[in-house]
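After this come two complexes, each holding chain A, first together with chain B and then together with chain C.
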Partner chain A sequence: MHDLAPLTALAGTTPVQDSIGPVTITEAPDWALASVAARLGQEKACSTALASVLGADIPGVAAHTQGPAMSAFWTGPHIWIVEAPYDSHEDLAAMLSAKLGECASVTEQSDAWVRFDVTGDGIERLFERLCNLDLAKLGQGAARRSVIEHLGCYVIRGTEGIHVYGPRSSAQSLHHALTSAARAVF
Partner chain B sequence: MSRLPTGGQIDRTRKISFRFDGQYYKGHPGDTLASALLANGVRLMGRSFKYHRPRGVLTAGSEEPNALVELRTGGRQEPNTRATTVELFDGLQAHSQNAWPSLKFDALAINDRLSNFLTAGFYYKTFMWPAAFWEKLYEPIIRRAAGLGSITTKPDPDLYDKGFLHCDLLVIGAGPAGLAAALTAGRAGARVIVADEDFRMGGRLNAETFTLGAQSGADWTAQVVAELASLPNVRLLSRTTIFGAFDHGVYGAVERVSDHLLTPAPDKPRQILWRIYSKRALLCAGALERPIAFANNDRPGIMTASALRAYVNRWAASPAETVAVFTNNDDGHRTASDLLAAGVKVAAVIDTREDAPALQGAEVLAGAQVTDTAGRLGLKSVTVRLANGKSRKLDVGALGVAGGWNPNVALTCHQRGRPVWNNAIAAFVPGAELPQGMAVAGAAQGHFSTHAALHGGADSARRILADIGISAAAPDLPQAEDAPVNITPFWHVGGTKRAWLDFQNDVTVKDVKLAHQENFRSVEHLKRYTTLGMATDQGKTSNMGGLAVMAELTGKSIEATGTTIFRPPYTPVSMGALAGRSTGRDFKPTRLTPSHKWATEQGAVFVEVGMWLRAQWFPRAGEKTWRESVDREVLATRASVGVCDVTTLGKIDVQGRDAAAFLNRIYCNGFAKLAVGRVRYGLMLREDGIAMDDGTAARLAEDHFVVTTTTANAVPVYRHMEFARQCLWPDMDVQLISTTEAWAQFAVAGPNARKLLQKIVDPEFDISNDAFPFMACGEITVCGGLRARLFRISFSGELAYEIAVPTRYGDALIRRLMQAGEEFDVTPYGTEALGVMRIEKGHAAGNELNGQTTARDLGMGRMVSDKKDSIGAVLSRREGLNQPDGLRLVGFKPKNPKARVLAGAHLLEIGADMTAANDLGYVTSACYSPCLKSFIAIGFLKAGDERMGDVLRAASPLTGDDTEVEIVSAHFIDPEGERLRA
Partner chain C sequence: MIINHPLLGPCDAQEFTYKGDARLIDRPDGMADGADAAFYNYAYLRDNPAGQHRELWFHEQGDRSWLVVTRNTVTHEITQVELARDVARKSGRSA
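Coming up: the complex of A and B.
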């Protein structure tokens, strides 16, 4: 086991959490991510294999599905990002690559993104200051690509709130956008 | 006159203190600045644009051309705010504009005496010669004399937000039509947004005295607004102006969240710019009353008749004890009767119509016209020419002018729709071509009675909702007045004195006549020549008058004369709202490297590279200049080992059965046969044969490559490859994804690089020169098992590697490298040292890959393989790109090593004049080389490969630098590449 200590995207040793009015914005570093893209002509095989790995239907267009141990969301035609707890799945990409074999290209994405979990009443009012998604129409399991603070982000409606994935190197800017918008609203 | 003893929608139990031009006044909650000033007996509120004429309010709304004030002070000072829309707040400070030394005595009122010279086109005709005087002399003088408010030079301390809203139905305007529509749609469960520019919803219902059923207009409004507020599917946005109708049902809106407060609450924005995505929109923007032009019709106290009764009815403020009304339609009589009911004396109703109806309580002068007025700083009297030709003078302090109503069609024109003329109301109404999804109801559609507005709003809402699959019931609407429009169009009173059409730009009937005389007759020319309809009010009260006069002069109908087009914004939008939070250091997001925290601790100096912040150099105690730090970093790296964060370089994961074949087409050099575990330098060309970007591609497996790009081109290259994959060769099995952010990558360079890495790379991975030679790559583990990638590539020309670990471990890795490297005196180096070393090595970078150079220019012509096809290969063989005297990348060494050479300098023969014709090329990159103890440079020289050893001038007319340089190879250090293979 190596002896290097990780930093979160906000350059801390523990995740940053902000409670502003009714909402809580939490940096969520504990997720391993891997992209899965079906190879040409292997789309069906890849979907089937991925569903089997997930233990759930693969997510449809602009959707997110939850399996017993892993979840996934759609990011493009025959492309998904798979999520799993980092502690138990640090080797997520290697594991998926082994299980999906020749039918998919798998790429580690764990540290390409920063994730913020936003919970609390009135998050719709917060997000209307952040991106052009119509959250009233975005039910649980929706996964959308949008722009927040000039940054391409994924906005996912989970069971308890909204997960925002943004580019990791801009974590501070994204965090500033989320918290300052929350202070403006609440 | 002051506040009327009763009435008005003001809270008389509370008093608000405010200042205008330094003087303290009191008002009440519910007042606007204009109503409060009138209630304090202040009619004079500003000076006009050109002639500096005393001016008061003309209207009671956002169409106001006259009463523009500078609001607030310091960084919050805002020019050109309309006193008619400024909601009064405690501590408000306003200043009149365009007057010096004071509003009552304005020195530049001399312009008024010179009006015979200052006609339309005066500036164009007068200040033509000499041309050079315009910018430096004439324009500044004119700008000082003319003009509106002044801007503050201090930064705005407030926040502005932007946001997005979505709805089924956007109702624009909350007058009777808008409220009836919102009620209909709200009760049906539709998602409704109601936007109204006023702080009190209700539109004209707040300013009129007639009843809706048994209720007053204000009470009915309050009841409806309360019901709408209780519906979760309805969002009420007061103090919100819809300023533009954009494509696909998107509307721009500005919500003035805190403008009615002295300062915004902490962290709260002053304004929010909303983009409202609507399925349908219903424009219920009402109508604007237009004035009639007559001699000296601009004195304070002369205003539209509807404004006069709005001040009396809504704000219980009468501008004078005795007033008169000048009208061409029945609506003017309504003003007279309302004022009479409020206890204001009405001297007469001057009605241009011979058959004017009678009015109880006031004399009606039928067939009469106002021919002149008097009163220097405020109206004292009006002169009336009676039907029998005799003149009568009326001593009045205010005159209400009723010239008819113009439906507020501005938003219907934002996508090039043209309004059409309606003879029955003598006004333009919305045309057939409306912005997508828009409908119009109420007075904005030309339906002026309250009854018509209520029913028009409700019916339109039902029709619109049915269109999008929502069925709505007709609401129970109250009985309301349904008076017909009775108007005889009348635009201006004839005469030789000046009669104002456009109060804001000081455009008179005479100016329109002059424009006509000088053949500026199209409406668009009329506007530009006279400035009619320009500036902050965009001609809301003046356009029709100007058109009517032009129509009269040309003998055409108004319809045939046409209108200028209305464009967004409907009313001015502050720059702050347009910028939102993207100001100052938040202008753009910042990207931080994985070692940023560590570098900050080291005292690194950072440089912006695109959105990235990169360490530029790491100063040490005692170093006085940046050069000292950079020289040290270069020498230490070349002597032992240095480490640099190179995470910012783009990384693209390329996978698939056809990955190699794909890269073979993307890069001009061959990639099909690259062995697994090897890296190759690659150059990609644009379609036109010009070099696009360079980098490396590492083959991690048969079907897996990692491509690197320059920092600047990370996104363009990814986009280019994605385009090629999706559009050019969709039959190839290739998958792409960016991994730039996923991996923290460090260059470890210098003769001791391997020794340093061997201390952290896990022992099962042999990185000796034999096992891991130059241009090798592999997936390894470090520090006891952390997955990592190692590439033996060199930008510095030294024995060098790039090592990558998952980004979260980047901070720990740099700390470990520094710790493990202590025995080698390891040095962190920044982008400056990186740049020096790559110039010393003669490696091209962004300065050389500048979008104008080819592979041949870069000395890499032979890399463009003719054994295969690749993007740009064919066009790179164009004759024009292959001239014998074409540019070549070469090195330059000054004859005097201490003489600096600057990037951007041009190359000339010794003794040649510094002219474009003698230009032989240019310097692209230059630095001081601490290794060679000399300034050095690289750049492009015509036939440079044949000029080795020649001496030329590197000269810059910008800096005055003029240095003799010897032409040398661009590879200053280790041209044979022995070090990087060591």
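Coming up: the complex of A and C.
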């Protein structure tokens, strides 16, 4: 039998954390993700069903909403990504698929992304260097997709900072971009 | 160039890729009579106006929606931006 040790996206056994000036960049591997896309003609049914599964309103355009156990953000018209702690929701996609039934197409996304949580004062100045988004205008609960270091990334403004989801296979490149920009700014 | 996305507001044109004439939405029925001529026309014959042009843009580095952008090819002024989905539905092409 294989004896495989789980690794984070940056190939460590524990998440990498960098403190640069006032900013802390932390790899956050403990999230289960699944995308939910409403099927053609089922947009209303899917929105209602997803809201009841989330226990919260579904996120509107470019928004993120927090439910009691899960949260979700908008990625396109009638497409959302649902997030939940990995420990309690390892089977997130299967659970959503069973609960949403025929009105939605659900795809497992947990292993497709690397997440970095960026906190601290002056993160707007950091993201000015990294992407097109105007962080000063994006309030809490905003979720947008943009380009960071040639990578398509989701940028979410949470209560404690900014969450960045980027392609997991480019985790090192994204980490390099975030830390180099932070060193340049601070 | 800034494209005023109908859902997300003003976005840098660098986030988009360009497809071409918005007439591409009107794909002919391949099973209909005269499909050969209709497809020849659809695939190869395009107007190339110096002035107002309706064209398809894809928000590849954003929400990945397809847009129909009405742009003046001489001045690059953009006068209208619609979701391609809405345009297609208005012409009865999608549910």
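Annotations for the structure displayed:
As a convention for this text, the second predicted complex is superposed on the first by the 182 of 186 C-alpha atoms of A that agree within 3 Å, B and C clash if a C-alpha of one lies under 4 Å from a C-alpha of the other, contacts with A are read in each partner's own complex, and residues count from 1 in each chain.
Methods note: a residue touches a chain if its C-beta (ideal position, glycine included) is under 8 Å from a C-beta of that chain, and two chains touch if they have at least 3 such contacts.
Since we're looking at a predicted model, the values are computed, not measured.
Look at A:N132: by the touch rule set out above, it reaches both chain B and chain C.
In the overlay built on the shared chain, the residue A:L40 is in contact with chain B and with chain C.
Set against each other, chain B and chain C touch different numbers of residues in chain A, with B touching more. Of the two partner chains placed around the shared chain by superposition, chain C is the only one that A:A62 touches, whereas chain B remains out of contact. Of the two partner chains, chain B is the only one touched by A:A5; chain C is not. In the superposition on chain A, contact is made by A:R145 with chain C only, not with chain B.
Residue overlap on chain A between its contacts with chain B in one complex and with chain C in the other: 40-41, 132.
Against chain B, in their complex, chain A makes its touches with residues 1-9, 11, 29, 35, 37, 39-41, 79, 91, 105, 107-113, 128-134, 136-137, 149-151, 167-174, 176-177, 180-181, 183-184.
Of all the residues in chain A, the ones that touch chain C in their complex are 40-41, 61-62, 74-77, 132, 144-147, 152.
Taken in their complex, chain B has these residues touching chain A: 159, 161-166, 191, 267-269, 272, 275, 277, 581-582, 586, 588-594, 596-597, 611-612, 647, 653, 655-658, 703-704, 731-735, 737-744, 781-787, 805-813, 816. Within the complex formed with chain A, the residues of chain C that make contact are 7-8, 11-12, 14-15, 60-65, 83, 85, 94-95.
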